[in-house]
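Here subunit A shows up in two complexes: once beside subunit B, once beside subunit C.
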Partner chain A sequence: MSEAPSKTNPLLKVSNLSVHFKQGRTLFGPRPALRAVDDVSFDLAEGETLSIVGESGSGKSTLARGVLRLLKPTKGQVWLEGQELGGLSGEQLRKARRHMQLIFQDPIASLSPRRTVEQIISEPLQTHYPQLSGAERREKVADIMRAVGLLPDMRNRYPHEFSGGQAQRIGIARALVLEPRLLVADEPVSALDVSIQAQVLNLLADIKQERKVSMLFISHDLSVVHHISDRLLVLYLGQVMEIGHAKSIYERPQHPYTKVLLSAVPRMQVVGREKRRRIHLNDDLPSPSAKRAGCPFASRCPVATSQCKAEMPKLTDFEGRQVACHFPGIALEGEKAA
Partner chain B sequence: MSNAILSLRDLTIHFKTPDGMVKAVNGVTLDLQEQEILGIVGESGSGKSQTWMAPMGLLADNATVTGQAVFDGQNLLALKPQELNKIRGTKISMVFQDPMTCLNPYLSIAVQMMEGLRFHDPSISKREAEKRCVAMLERVAIPDASRRFRQYPHELSGGMRQRLMIAMALLNDPQVLIADEPTTALDVTIQAQILDILRELQRERGMSIVLITHDLGVVAETCDRVAVMYGGRVQEAATAQGLFESPQHPYTIALMQATPRVEADAETQRLAAIPGQPPNMRVPPPGCAFFPRCPVAIKGTCDVSPPPLEARRDQHFCACYKSDAQQILKEAEHV
Partner chain C sequence: MSVLRPESTESALNGAFDAVKSRSLTRLAFERFARNKVAVVSTFILLVLVIMAIFAPVAEMLTGYAMEFQDRNFYSAKPPNWDAKHFLGTDQNGRDILVRVIFGLRISMIVALVAATVALIVGVLYGAISGLVGGWVDVLMMRFLDLLISYPLTLIAVIALAYFGRNIYIVFAIIGLVEWQIMARVVRGQVLSLRNSDFIEAARATGVPTASIVLRHIIPNVIGIAVVYLTLTIPEVILVESFLGFLGLGVQEPNTSLGVLISEGATRVEHKPWLVFSPGVFLVLLLMSLNFIGDGLRDAFDPKDR
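Presenting the complex of A and B:
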């Protein structure tokens, strides 16, 4: 790959990861596989937050599950702290899992309704650290509850007694109690109201600072991502369109898809809204199982050429980041020339 | 000044539940003007949807409604269902968040669209109805409209289904369209398209739109006027420009500061979260619903009785005892 190895080894290295789903057969032979994630590579440094953004169906969650090996990748490798996860036995993989934990989107549905907060948070401890005594476990649970802004007095309550924001804190506590190196947050604030969403985002920002944990933050919401990311990965139909430092991508997006996405985000600014340009796409994401030779975005891209439809552009260095486009930085219609 | 087309007068909606009365809406007085897009912003439980379900007669059976919703000289809340049927779907239409719960999966789009049209005007011939439906589909930018017209809902993408809902709602050329979170389930690229279509249609047809949303960005992009709801009351109402340039109510200010923005400075990573939780509407606070979370609340005043919605300036109304909340919070922000 064109990515140069960093000075220190990255905490997480994903190379050429693909997750394809078989889709059964028709009378005339097998259906083409659904390419949910296709040849994705990236690094994640210690303490860094990389956000994965894209529309629904872009493969964000599948990518996360492939990285965590909750799904078996079709191709490619994932290294966590230098250890290749694909080469591990079941027992070794289970051991490695304590270093990588997941936070889910639906805070209530991801907690067992019949277990108390204490049972929910201490279960990972029982699995990974069976040698701990009951008292030690209780202490760890109380510590982590305080760290996420829950009162340890609430330990004997059940999930339904909590609001969405508090339930998400329980989910975060459960993920953090093992002191993982890698936290994968899959749309962790999408189900929350704005006032509560801000609380949870700030909590995640604090955790990142205090615990030096690395985070993969998956979201469809570019405004949310803006407040939490160091780096940004823009995914489209399972392929990386643009990856680089979040600030520079927000300021100067180079891939047409990134430009379209950013232009579509509503701004809290009434004056001048008539003149603000929102680039329309011709309808929704195409099917990820459709056969395509060229760039996945070519069918909706406002500046696609015949080359784009025939040939997939490689992810190449451009303006301090990597862009997969034959014409990186190309101005879209109506856009001010940079 | 334009005239009100739909006027809510002291609307209250309470729901009887096994765990007690839920006081969802508590005295909303609000006018929808002719030819405007009125945004209703609020978080879950603020009463924003129920407020507009009431005039459509769509509240659950356990609801008790008082007050008035005046349209065309009639109080809609007092009408019998048969009488209301002459108004809803023709003069006032509604679009919901999830198109699939409104569409019948067993019936073709053609059947479902024409039903609404011919129910209200049986004199229309089938051919004429088809023509109008296909033209409407084309108007909401559904490509290949005459083919889509013959298909079933599951064959359409999410964005197309929502455009279909808008097309169906507009078939009878209503004067009022109530859109309840019409873009919440959609991706941003599709959301931008639907908001643009709504804005164009409003201008083209001179109708009024109520746009209910939790997203301040959507309001800023689309609406002429805005009402901010919290705890079942309107806390602030103003022109969109007035609200975003000079928010008055502490809740509005807090909500704006808590909202992540793409255009913000990337260095400012922390958001100003609003502490605490929204009120439990089974036992709403006796005074201002925002009192327990408000940074400038006055004990002994704000927690006694809810503040009335009063004019602060031309077309700008605010329900807060603290008239200088804006200055205080602005200064605090810069410290």
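Presenting the complex of A and C:
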């Protein structure tokens, strides 16, 4: 597939990013903060797609908003093209936003109900290129509408007149019209029908190829992620469990949590292959505000030891990727040893 | 990139679109309002009443009786007399009821206009600021509203009238200053829910300046609900003025309002029912038409209907 991304100069560099939410006080002092994102670091090369996966409540969306500075991170830095976003003034940050755009989960809700498609798509242009004439703007809007598979004739329609898939195309057009370097897609297809999902995913794949845009693709659905990602980041309770090339993680997951997550993906059973075992977890996701010393997954991990509960494993290189586990590659019950 | 490619249905979808004419939410709301017969009839009645109030002096010309004119032949409240052109009768001082009702309608409408405008402007600004700024500013502003709302209107009115003297415009302003509180709460709630909506976040993520977000995205989505609430506030304002007039705190003689006329007539309703009947009918018509229009607008703008 694509060549190895150059490690020297990543487009996006996130280091030790944490987003904690204060939860007010009780009579006996402040409540523990909710650690939605905890000490997350990763790079994103130019033209690369990194998928962030995890179950609901794992902090995927918060991570995206922390990266985009829609939420103020508690700790850590984000560099976009060598520029540290936290060091920018409000006005500089506002200007820098034209390089990074967001695609939303609920396509209809992300479009203002009282504005036409043309007004919606041209708003970023108006904001960042006020010198454009009306005709130039109309032309750019028409171009981008064609590029995402919408007819420019629909420019005067309102969001309520579109289906979910079409509305998501409008959202994508709005995100692309400024030709951003970084596209953050927050569950862009999970609100759509399965048949429409494929169309929108194809569109995103085309965009990625034609426009060389870097993408952070957030999803809880590993089968969706499969087609589009170069690399994969597995998030659990706001912490990185495993990060590496998508293909190798799919084939040989090393972290117990990744194994459990992958075993939950429904797949066609191929005759002659060995039967896959679904690994079940019993408990729900623990509260992200609970105090914990060790590995966040220790409470549910089928192979956790006392060391796991006491000591947080560091993200370390293992078989060409990084895994945060004391026993990377450990075999789970009913699974052949790796 | 190995991606599944189901056959594209886009072009078919796009084609089907051309047949339907595009309509904005406002236009759809207008069409729904136009289908609501009660609301349309109410609009018509309200228009007639407004025209009567604006051209009130025409009534003086048609009947030949000025508003303050005391007809010696018709002292002490005579019933309607068509030959003398006292179409709705006269009051205690021999003044023509029809003319007085129309002038009373005029005052009631001015009250409605002034008080409702005050309520709209103050309420929308206060609510929008409270909702947008949030935090402790929001808490302070809302607690101040709680404080205001706990004072009875009559008390405030009596104190203000004692302080500023009996000026009807003071009365109007007081009513407006009391009625804006609920408007402020309604607007604040709407702004709060808008503030967390995806399309506002989309605008922020694109780097749209805050002022433009307010102008382009917040205000257009608040104005609908504010207008609806306004039409429901107006009847309340008119009732409050009538109530103050009933207590003798409203407009002064020889000026009058529907409320004053009703309160005067109510004391003699057993022997001279026409004194209370005519202003009563006008007040009911005015209030009901405004209420039906407000209901119609609310239904028309209800996004859940979509």
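To be clear about the criterion, the second predicted complex is superposed on the first by the 323 of 338 C-alpha atoms of A that agree within 3 Å, B and C clash if a C-alpha of one lies under 4 Å from a C-alpha of the other, contacts with A are read in each partner's own complex, and residues count from 1 in each chain.
By definition in this document, contacts are C-beta pairs under 8 Å (C-beta built on N, C-alpha and C of every residue); 3 or more make two chains touch, one makes a residue touch a chain.
These numbers were taken from a predicted model, which means no experiment stands behind them.
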| item | value |
| --- | --- |
| Which superposed partner A:Leu151 touches (first subunit B, second subunit C, both, neither) | second |
| Partner chain(s) touched by A:Ser163 [first = subunit B, second = subunit C, both, neither] | both |
| Touching partner for A:Asp317 - first (subunit B), second (subunit C), both, neither | neither |
| Partner chain in contact with A:Asn202 - subunit B first, subunit C second, else both or neither | both |
| Contacts of A:Glu179 with subunit B and subunit C, given as first, second, both or neither | neither |
| Touched partner set for A:His227, first subunit B, second subunit C, both or neither | both |
| Touching partner for A:Tyr250 - first (subunit B), second (subunit C), both, neither | first |
| Partner chain(s) touched by A:Glu139 [first = subunit B, second = subunit C, both, neither] | neither |
| On subunit A, the residue positions that both subunit B and subunit C contact, one per complex | 163, 195, 198-199, 201-202, 205, 227-228 |
| Residues on subunit A engaged by subunit B in the complex (per definition of touch) | 55-56, 163, 165, 193-199, 201-202, 205, 220-224, 226-228, 246-247, 250-251, 260-271, 273, 278, 280-285 |
| Interfacial residue positions of subunit A with respect to subunit C in the complex | 1, 68, 70, 93-98, 100-102, 104, 106, 109-116, 123-124, 127-128, 149-151, 153-154, 156-158, 160-161, 163, 166, 171, 174, 178, 195, 198-199, 201-202, 205, 209, 227-228 |
| Partner subunit A, residues of subunit C touching it in the complex | 1-6, 8-10, 13-14, 17-18, 20, 22-26, 197-199, 201-209, 212, 216-217, 220-221, 303, 306 |
| In the complex, subunit B residues that touch subunit A | 43-44, 143, 157-160, 187-193, 195-196, 214-218, 220-221, 240-241, 244-245, 254-256, 258-264, 266, 269-275, 277-278, 293 |
